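In what follows, structures are represented as structure tokens.
Consider the two complexes below, in which subunit A is the common component and subunit B and subunit C are the respective partners.
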Partner chain A sequence: MNAGISIENLSKRYGSVQALKHINLDINSGELFGLIGPDGAGKTTLFRLLATLLLPDKGGARMGDIDIVGDYKQIRNLLGYMPGKFSLYQDLSVIENLEFFATVFDTRIEDNMDMIHDIWVQIEPFKDRLAGNLSGGMKQKLALCCALIHQPKVLLLDEPTTGVDAVSRSEFWQMLKSLKSKGITIVVATPYMDEANLCERVALIKDGEILQVNTPQEIVDQFERKLYAIKSDDNYQCLLDLREFEFTNSVFLFGQTLHYTDVRKEFSLEEVNSYLKSKGHLNLEIEHVKPGIEDCFMALSTKADGYE
Partner chain B sequence: MNRFIGFLKKEFYHIFRDKRSMLILFGMPIVQIMLFGYVINTDLKDVKMAVLDHSKDEYTAEIINKITSSGYFQINNNLKSIEQADAIFRKGDVKLILVFEPDFGKKLVKDSKAIVQILTDASDPNTASLEVSYLQGILQNYNVEINQDNLLPSSIQANSRMYFNANLESVFMFIPGIMATILMLVSAMMTSISIAREKELGTMEILLVSPLNPLQIILGKVAPYLALSFINALVIVGMGYFVFGVPVLGSFTLLMAESVLFIFLALSIGIFISTVAKNQQVAMMLSMFVLMLPTIILSGFIFPIRNMPVPLQVISYIIPPKYFIVILKNIMLKGVGFEYVWKESLILLAMTFGFIGLSLKKFKIRLQ
Partner chain C sequence: MRVLKYLLQKEFLQIFRNKSMLPIIFVMPILQLCVLSFAATYDMKNTNLYIVDKDLSSHSRELISKFNGSPFFTVKEIGFSVEEAEKEIYKDKIDAILVFNDDFGKSVDLKKGASVQVLINAINASSAGLYNAYISSVIQDYNRKVSASIREVGTGVPVHFVQSSYLHQFNPEMKYIPYMLPGLLVLLVTVIGLFLSAMNVVREKEIGTIEQINVTPIRKSQFLLAKLIPFLIIGFFELGIGLSIAAFLFKIPFLGSVWLVYLVAFVYLIAILGFGLLISTQTNTQQQAMFIAWFFMVIFLLMSGLFTPVESMPEWGQTLNILNPIAYFIKVIRMILLKGSGFFDIVDEIAILTLFAVSVVSIAVNRYRKVA
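Let's look at the complex of A and B:
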């Protein structure tokens, strides 16, 4: 069955806040798709609309041939949804949670073991523990099991790795990859730009608008300027000083360094160096780096904001 | 059906694993009955009083004897003069002073008329008037007794008898009240909190996305509380009967049927509250203020409705427990059948349908 998602001109407003502005998006059947954007970008709203929990103000969406508004009951049967907040029963044990969701969908754990087996083996040792006492990573695995127990065709995961340690995060993504091989359409929302590379295609979303939809590689390839990482003793002051510099195209904090691009195509690094030295930054390390998704996101979103 | 049983199982896990719920469900009814039955007691017993006897003759002695043997009063002070009265009231040692005029006996024989004075500490007005009327009753009885032989040509004798509660025991009044309070609390508050908790924890989002329909979710939520409330009703009636001797004169089946009707009403109010409340705290506050206080204060449970100011009397007509308490008192104490409580039952039924209708209208299949 075709389990692609097509979203057309979808808008949603909360009071005076326009949460989604005319979203158009096509997600292919069986794709591992990433929805990348900061908090408040509209990711959760989009998911709730797709999960039939909210009604759109304008526009619509379909999963396969099924309309999310008119045929919401059918959607609810073929959808696996994992909300951002851990939302299983904390006072029920792992196995009780799973059993509950199995009966809600009128099925049994045994019948669906093939679907959840790889994840289940990891949490099975804790099956009698109350869900409230699990670690963050374990909770997410359990939630994923519960969302998969009825063999959904489409899986919506809203920030599944927020608040989860690095090891569990990479394990989680491994699981998603193996789920994809079973033909499920998976849409993952995440604020972590580094997770974008793990998706087949990503949509960059900000302030309710989609900035770009592309493969992670192509997004990175589009980055046209040379990117430099600058390290100094006082990164914050350095950031302020660079913002004053006449040739600065963009500069922002990136972990332990500053990422800098220049407005000119050809220029000498020495110029930047001496400018900063004149500002009192003596201990400088400047090197050329490859842009990541986050750099592209910043570039795209500043472009969208209309100042360069 | 499987879905529904699975849902019920989950609900029972929630209830039995939460110490707070268990305490409210099973501790509260017993504690309340004990409190109202034993501690909050408006019956008169061993009221401390003093006597100021200016006469000291056989008649006053006989009256004093009657008073002490009644069981209602206990004389623990003999005053010498009226000046002591003020001080002794201030100290709080006695609540009541009986003053015999000088030559009480002689006047009684000679003029057929003698005067006593009753002084009382009215800082607690209800009890004071109750005490005075009890004491007057004893004096009245004595009056009748000494006039037995020479009947006055025209005198009205009042022979009173307390129907349905011959000994005027307050526990008879409390058991129906407690029943209404507990059932309201358990059914309405607990359901509203349990639905609000699903909203608060975000699990409602998953339930809504699942193929469960609203009716299944609501029924799954109320069914456990229906069962537990029914057990509570049995416990309360049972404790009233076996511990305090509150009778069930009417049909027990009818009593339980009316209780189930009231439980349904309370549950539908609970669901209605939960459709309004976003989280557990709001649900709890709403239940407390909208349900608990009116149930205790305005339902006629403790304070008689006819003594309330008119606006409050009007409000009391929309308080469901008021009708339930009337029904309970009628069935338990008067032993009447359905033909005497059908009006109240009908009102409760109408309210139930009203709230279910409102809730179904307000229950959302989506988040907004």
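Let's look at the complex of A and C:
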């Protein structure tokens, strides 16, 4: 069946905060889709709306041809939702949690083992342990099992890898890939830009607005300017100085380096170098780097700010 | 049905796994019942008296010896100064002062009206009332004797008094335990029922599990029913323990049918649990739920007639009590246990409690929203 999601003009306001502003978005059936944005961008609100936990102020959305407001009961049967906060019963054991969610969906674990088997084998050794005593990665796996136990067609994962170690994170994405092969539409919200590359398509979202929807590759390709990584002894002072520099288009901290773009199409790096030297920076290293999703996101979000 | 069964199983698992809640559910009520039954009594013992005897006549001494002989009074000190006595009251060492003026004995002998002044520490108004009543009855008793002997001396003819005597029906010895204990049983099931149910749904909200529940196709009524039934069972269990303690330890009379008590308890508990669930669905943290539950609990309880008679409340208070489920249950359980009332004697109360139960549960189900 078609399990795509089409969102039209969706708006939600909390008091004076407009959490979502006229969102339009189409997610294809069977797609692994990423919703990338910083905290407070509106990702969770969008998920809660899709999960029928909130009612939209304006607009609507459909999964396949089922309306999320009018036919919310059907939605609940075909949807798997994993909230950002671990929300299983910590005082029930692993197997009890799974059994509970199976029963609530009026199904049995055995009937759906093929769906969760790959994940289940990893947590089965701990099945009698209380969920509250599991490690972060194990909790995520259990939550995923519980969200999948009723064979949903659409899986919404709200920041599933927040607070999970690097190894578990990559394992988790492997699992999502294999789930995708079963034909489930998967939407993942994440604040980690590096995870965007693992999705087929991503939507960059900020302040309740979608900045862009595209494949990760195309988003990166769109980056027009040349990007430079600058390293110095005092990155923070360097950042402040570059902000004062007349030709700076954008500069921000990126891990151990600063990412810098210039307003001019053609210019000599020597100019930047000498400017920084004049400000007293030593041991400067400037090199041309390929932009990542995060650079594109920063570029897009500053552009969006400029229009306001 | 299978869903409900599993939901119930899950609730019980959670209750029995909560190591800090178990003693609260099962041990505390028993302690409460035993301690309160002995402590919450209106029997006045050991009223401390200070007697100011300026008279020192045989009459005053006779009256003093009456107080001395009574189990309710302890004559702490006999002195001559009211000021001294009042100082003792300020120190809270004395509950009442009895003052004989120096003409007391003479007045009795002259067959004039003799007077005794009674000063009572009324910090606690209800005990002050009781001191007053006890002291008056001792003095009255003395009065009768004196006037009888006076007349006998005067006329030589025996005097016949009309002596009124009372019979306290259904609790002939006016014992407090049979009176208090049924009420305490109600208190016990109410505390357990109201608090457990009020804290439950909101707890799922606090730890976030409600999110996961709300996206499932589970029905509201199923979910709330699964919350209600375990506490109903626990409430019944508590009531059973309480009734056994009442019967075997305190040996209070069981004139009516225990099944009838359970029938009323069933309706009552549904009303209380429904009210708890309503609080739970309307709050966001366990702390809020706790305070709201306490607020209603205290109001309901103090107005219920457990400690003070409903009849002595002002008119508006009695009118408000129409809405107080605890008042109905306390009244009914006393009627059943002490008076042996049958179903038809309490059918009105049962009907009202049923009305409460049905309406409060429907409101709770209605107010619980899976969608924000």
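FYI, the second predicted complex is superposed on the first by the 306 of 308 C-alpha atoms of A that agree within 3 Å, B and C clash if a C-alpha of one lies under 4 Å from a C-alpha of the other, contacts with A are read in each partner's own complex, and residues count from 1 in each chain.
Everything that follows uses one rule, which is that a residue touches a chain if its C-beta (ideal position, glycine included) is under 8 Å from a C-beta of that chain, and two chains touch if they have at least 3 such contacts.
Just so you know, these numbers come straight off a predicted model, no measurement behind them.
Participant: Just from the overlay, do subunit B and subunit C fit on subunit A, or is there a clash?
Facilitator: They clash: once the shared chain is superposed, the two partners overlap in space.
Participant: Check whether A:Leu79 is in contact with subunit B, with subunit C, with both or with neither, and answer first, second, both or neither.
Facilitator: Both partners, subunit B and subunit C.
Participant: Answer with first, second, both or neither: which of subunit B and subunit C does A:Leu55 touch in the superposed model?
Facilitator: A:Leu55 sits against subunit B and subunit C alike.
Participant: Between subunit B (first) and subunit C (second), which does A:Lys141 come into contact with in this model arrangement: first, second, both, or neither?
Facilitator: So A:Lys141 meets neither subunit B nor subunit C here.
Participant: Contacts for A:His259 in the overlay, against subunit B (first) and subunit C (second): which applies, first, second, both or neither?
Facilitator: neither
Participant: Overlap of the subunit B and subunit C footprints on subunit A, residue-wise?
Facilitator: The overlap between the subunit B and subunit C interfaces on subunit A comprises residues 48, 51-55, 72-73, 76-77, 79, 81, 83, 85-92, 96, 99-101, 103-106, 146.
Participant: Can you check the complex and tell me which residues of subunit B touch subunit A?
Facilitator: 2-3, 5-7, 9-10, 13-14, 17-18, 201-203, 205-212, 365-368
Participant: Applying the document's contact rule, which stretches of subunit C touch subunit A when the two form their complex?
Facilitator: Its residues touching subunit A are 2-3, 6-7, 10, 13-14, 17-18, 207-218, 370-372.
Participant: For the complex, give me every residue of subunit A touching subunit B.
Facilitator: The contact residues of subunit A facing subunit B are 48, 51-55, 72-73, 76-77, 79, 81, 83, 85-92, 96, 99-106, 146.
Participant: Show which residues of subunit A lie in contact with subunit C when the two form their complex.
Facilitator: On the subunit A side, the touching residues are 48, 51-55, 72-73, 76-77, 79, 81, 83, 85-92, 96, 99-101, 103-106, 146.
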